[in-house]
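Each in structure tokens, the structures are laid out below.
In what comes next, chain A is part of two complexes: it sits with chain B in the first one and with chain C in the second one.
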Partner chain A sequence: MNDKISGFQLYSISIFIIFATAIIYEPRHVIEIAQSNGWILVLLSGIWGLLLAWLYSQLIKRGQTGFVPLVESLMGKWVGRLIILLYLVFILFHCALSLRLFTDFVISVVMVVLPISVLVAALLLASAYIARQGITALAQLCQILIWVNSIFALLILLAVTGQVDWNNLLPVLPEGILLLARASWKHTYPYTEAFWMVLLVPFIHDKKRAGIPLLVSVLFAMFWFSSFILLITAYFNHYLAGIFTFPAFSMVRGIYLGEFIQRLDALLIAVWINNIVIKTSLLLFLFAHTGADLLRLQNHRPLVLPGTLIVAPLSILIFDNVAQIQNFHDQLFHLVLLFFTVVLPLVFFLISLWKRGENRAQKMDSHTTCS
Partner chain B sequence: MLKKWTAILLAASLGLSAGCWDRQEVEESFVTIAAGVDTCPGNKLRFTEQIPLPPPEAKGKATRTEKTAPTGPSFVTISTVADTFTDGARKVHLNTPRGPLWQHAACYVFGENFSRQGFAGEIDWLQRNRQIRKIGYVFITRNATVSEVLKVPTEVERIPAVALVSMIKNQDTSLGIYTPIKLGDFLGQSITPGIEPTAPGVEIVEEGGKKRLRISGTAVFKQAKLVGWLNEKESRGYRWLRPTMIIGGTKVIKCPICDKPVLLDTLRSTSKIKAEIKDGEIIMHIKIREEGNFYEQKCRHQLVTPEMIPILNREAEQLIAEQVRAAVTRAQELDSDIFGFGQALHSAYPREWTRLEEHWEEVFPTVKIELDVQSEVRRSYLTTRTLEFRY
Partner chain C sequence: MRYLPPKGQPEEPLTDAQILTQSLAYDLQTNHTYLEQLLQGCSDAVMRKFKFGKDRDTDALLVYFDGLVSKTEAEASILYPLMLEMDQIEDAVETQAGNIYENTRDRLLAVTDLLECDTFEEVMQHIASGDGVLIIDGYNQGLVAGIRYWQGRPVESPDQEVIVKGPNEGFNETLRINTALLRRRLKTNCFKIESISIGRYTKTNTIICYIKGVADESLIQEVKNRLEKIDIDGVLDTNYLEELMEDHHYSVFPQAEHTERPDRVVAHLLEGRVALMVDGSPWAMVVPATLPQFWISPEDYYSRYVPASLIRLLRQLAFLITLLLPSLYVATITYHQEMIPTPLLLTIAASREGVPFPALVEALMMEITFEFLREAGIRMPRAIGPAISIVGALVIGDAAVSAGLVSTPMVVVVAFTGIASFIFPAYNAGMAIRIARFPMLILAGFLGYFGIMIGLIMLLVRLASMTSFGVPYLSPLAPTNQGDLSDTLVRRPWWAMRQRPQNISPDNRVRQE
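Presenting the complex of A and B:
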């Protein structure tokens, strides 16, 4: 069975995981900080994102047989295993958090009376089924849905364009770009989600050229984020946009073109449902696959169900209310994510460079001794 | 040969066994949408029935493209005087050429005087009649007779009975003051020891020279007699103790900083009543678990924050507890166990209940309650911060 994923599939998965939850909560956060220049802030953050995509592509090149062997070889067997264990815990937490962020959106504004447990169960059942099918099925699904999402998102953006007031984007950079550049690192975290592609190493068809789909996915994510935030700000102005919990959703609800094009919220919700199902499936698959590697299991499938059973109650119990969610998302989440997707990968990369240098030196020594 | 005769017999039986024996042709029937009963001088009952009329365009004069607003009457209300409910219902035939279809009856309205006299023995027909479905809603009139209530034309909904049902259902999920009750539950609670029924009241109000129907108060029954009414606050308190899950409703609390009103809505709420006998005293432990969303504020303070939400939760808990206490106090004043405390005692202490059941009406006013209310604000819809106006 061919279980390799192509460059386009890698790009599709990467953009899905970058977008899934960030598009729901990040616009408000960015607009609150950068006001009418939020769209520039996400572009600046994207530059960090491009650098990180390069870092991840280097790790993919080095981890030929998989993420677990790579970490074990770099950090030693036991420290490596401990780090992998931390990653497994974080993947489950991240999966539960993403699910909660999305379900909270749905229950806040779409299906208010629906018990959260029912929605979580429905989404997790679908995601667990996809995760059990394996990465090939997931990649094929992404390959199809990326077109659906892109077309829907483009339609929404085009429809909004006719109703915006471009003056709301003024003034542009009133205090210079440096102030925004300083704040940009904090908003890099959506792009750091591309790190999860490193855990897919054994399945990537062309590891040497994996950097291209990763870089392209970050570039496209920059385009989409920036466009959405630009139009949200132009549509509402930054005072009002910063008050909405889900500004993208509020903007789409306001579309009213030609007296008949309206109520496009269904398109946005469809896009977001696709996003969250893909993200949850991928995180469940990564947990099962990495866990199976750590436990030296032949197959990832036995670990999908336990992972699902942990994520379900965790996603419901993790927060009591929307204020706690926002507080955590705005204050802490990026730090936790940056630790796992920037700090640790950077350490792996530096150690790999150091070890490679050491190997070269040893080879040179042995060559000199022989001659 | 046997097969052939069996086949002929079966084929012939098809013609005889078709279900036409109890047929009631639509052309010969009318739909009863509401029925009610009231007192009448001379120890008689006044039976009232409401029949919706087809809209004018359905009479074949207007085509689909020539739709006009219905101008004729949309319903007719017929009253008869009789000795019994059934007699009254059948006397309607003296006024109408068609027979009633009871299956669609949406509400049952009992007059206030009739209810005060007591309905024991009077509404046996409602339970016995196979055509009456027990899912219609019960209402009690206030300061008006049944026929007066059912004759008030309603504007948005053309038929008063349908309007009444919509009003009680919609207020339950949006406002959450009064508790709707279906005929089956009303009759069931009337005969079950340890619980008494209630029903929402309906009155006629005049606004700008026009008569309107308004849901008002909760009628409290004791031994099949109306003994009093719960006001709005008490009705809310009674609703919190409904045994089934509550969906919808509002709570108006005060802003912890400036005392201005803050509205929280209720998504769902459940309650449990557990009886305990301690040192000869009966205590009802009432547990209420409610969750809802932040909905509206009149001040500019940022209230949807991790620090403020627990304070709002405590405010909401206090409000719910206050409403429940008010309802219990009023029910004890009226000596009517509308909460089913007796049933809770029966479940926990069956032996003691057999001893107490006979004089429960003396014991009920002495029952103490201990409240454990937990309220949680979960979300805040489209915004978390309030608009910051420049004033």
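Presenting the complex of A and C:
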């Protein structure tokens, strides 16, 4: 089978990874900070997201043979390898954290009697299986599930619109847009997840045009995030929405239209499971693939199982409870995420620009000498 | 010159395997002896020895299997011309006495299919296929007369793929009739039927059909390569070939489409696929096959596109119901009761009161019982079929509920799922989905909706990683091909059907200008 992913597949994967955990936790944070204007904050942070998508697309263009050779060529062999090693550790940690965030949501709201270990094991088994199948299967899965998720999300949004009070969105920008603009940077982290597409470089069919699916996925995510937050705010008002840990889920649970459209939470759960399974699968695949590149292995498969075995206990033991994990996620994690998905990529990009300039100068020199 | 070696018994007895590799001898007696040895214990083998020629001085031997040849034709086309009419040909024997073999071949044998054979293995293969082999003394070649005839089913309506509107002919067990049914529909020399013999003992005549210029050359070559690699004692049906040739041996999902309809095979050939048929089976196997192909019925193309599209959507819904309905019911009843509207929840709770089993066990019991009944319904003699149906209906529908073993909603769910599972035009695909619903049920019983979603995702990934002769199994859904998709989820109107599927026939896509 051809191991290349098309533009639409890249877009689908990017959408899933952007939404995966952010859609569960982000609404509350955004509403807490921006109150009734959360939806505007999401749009503003999306502008940063678009810039980041452009940055990632530039790295994809430069990393023709893969992420590991790219970093090694930019940073030198040993520093490059060290950075890759850090990335591998971070991928596993990120995978464990994402898994824990989701399982905490499930056992605290949906299936309170289910032991967390069972859910983690089930999700990881599925993710490991998908990661073993390779990127082509994963991309095809995303290609199908994106339609499922879009239809379900659209149904939910349409159903909610019948029960909202649009006055809850007022006042609009009472203190001007600058305050929100300043806060917007902190909320770019869902879009920074698009960085992981850079690690898929060898599989991207059209690297030169990879920027389009990335930009479209960020735009799409902006639209959906903003719509969800707008409806949550209009449904509850920002005081109530800030109280709920999972306001999106609480909103969907409250849908009751025409005495027959009700309890659509199954749809939301389906969407979230799709998101989280694809995210953990992709992270496991990226760990295995990048690790295989680093160790010069022919196949990524031998590294999937070790990765899974590290993530499983890590996701269970990493934190004691949902409050702790949320605290860590809100206070520290997004900074670490920004380091790996913004700072380092920016460094790579700047070095690549500098090296390109240097190469050009050398060429010019040699050309002058010859002539 | 006619060579007449000294007659007599062969010096050393040979084994059957050694004889088979031998060329025919010039001496008829030697050939006769060897054939007798090879056909020892074959009571249906006939070896008719006779004399012919001007002075009745030439010995000949006609070998065939009784029941596989037309005796009337053997008498009229072989024995009668040689034994009686030969005398009436003035120059036949006198002028060409030295070349009686050629004379017989070119002027006397009145059969349309006439071949020559050189070895005992060829002789055995031909007579086993229903030909008669004539061996003349003094010549080390045999004449193979195509006088095959046996009792077989006539061309009838297909049993398994019933349609309301459209052609109603089905294949039968005679390969030549089946090829004729195809050839009648494809009146072009581009339609090729290549033959290959498979099976060490059965020597089953297997054909590869395709339209040259439409089917991808690499696909044809791949099919031939895989066929040539098969080394098995016998092939009795196309399913043998599917299992031996498929890309993924550990999948419950079929990787080739089996059909007993010539019109369907032709439709696939026109799309660039390759069909395989074996002698003795009324089923044709079409490759490559993709999952969406299995919810397409030939009737879709014989009726208006709007109703055909709606029915196709109905089949897709049935696909989901078969796979998911029992699992959704079990998950909801066990873990997610809050998702059921209150009036419905009260009804279900009332009917489940007193049922001693958890919903998962209840569902498994009912599903397995339904499978028992389905299998019994297929295997039982037709005369007692209605009796079993009544017993089944009573046991499942009434007695089990009255006894408090199962709840009424569960009966409804299982019955509805059962009906939905029979909507698929492809029996083997329906079977695969029925099997897949059991793991889904178990996952639902243990993990609720999460289990179902995990199961569904794993199933999708498995299907996404599969190929059939190199073509992605989920195409054109994934990888998405929007052009082909419009004739997958719904039925594209004929006036818009301008191109062949891209995955199947990438080089010659134009169907209509």
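Keep in mind that, in the parts below, the second predicted complex is superposed on the first by the 371 of 371 C-alpha atoms of A that agree within 3 Å, B and C clash if a C-alpha of one lies under 4 Å from a C-alpha of the other, contacts with A are read in each partner's own complex, and residues count from 1 in each chain.
Note that in this section contacts are C-beta pairs under 8 Å (C-beta built on N, C-alpha and C of every residue); 3 or more make two chains touch, one makes a residue touch a chain.
This is a predicted model, so every value here is computed, not measured.
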Partners on chain A (chain B, chain C) - clash or fit: fit
Chain B versus chain C as contact partner of A:274, first or second or both or neither: second
Three-chain overlay, vertex chain A: chain B-chain C angle, C-alpha, nearest 10 degrees: 80
Which superposed partner A:321 touches (first chain B, second chain C, both, neither): first
Least C-alpha distance (whole Å) that remains between chain C and chain B when both complexes are overlaid: 10
Touching residues (chain side chain A, partner chain C) in the complex: 1, 6, 8-9, 106, 110-111, 114, 118-119, 122-123, 125-126, 129-130, 133-134, 136-141, 143-145, 259-260, 262-263, 265-266, 269-270, 273-274, 277
Complex interface listing, chain B residues touching chain A: 247-248, 267-268, 293, 304-306, 308-309, 376-388
Residue numbers on chain C that touch chain A, as the complex places them: 335-336, 338-341, 446-451, 453-454, 457-458, 460-462, 464-465, 467, 470, 472, 474, 477-480
Complex interface listing, chain A residues touching chain B: 104, 107-109, 112-113, 115, 239-240, 242-246, 249-250, 320-324, 326-327
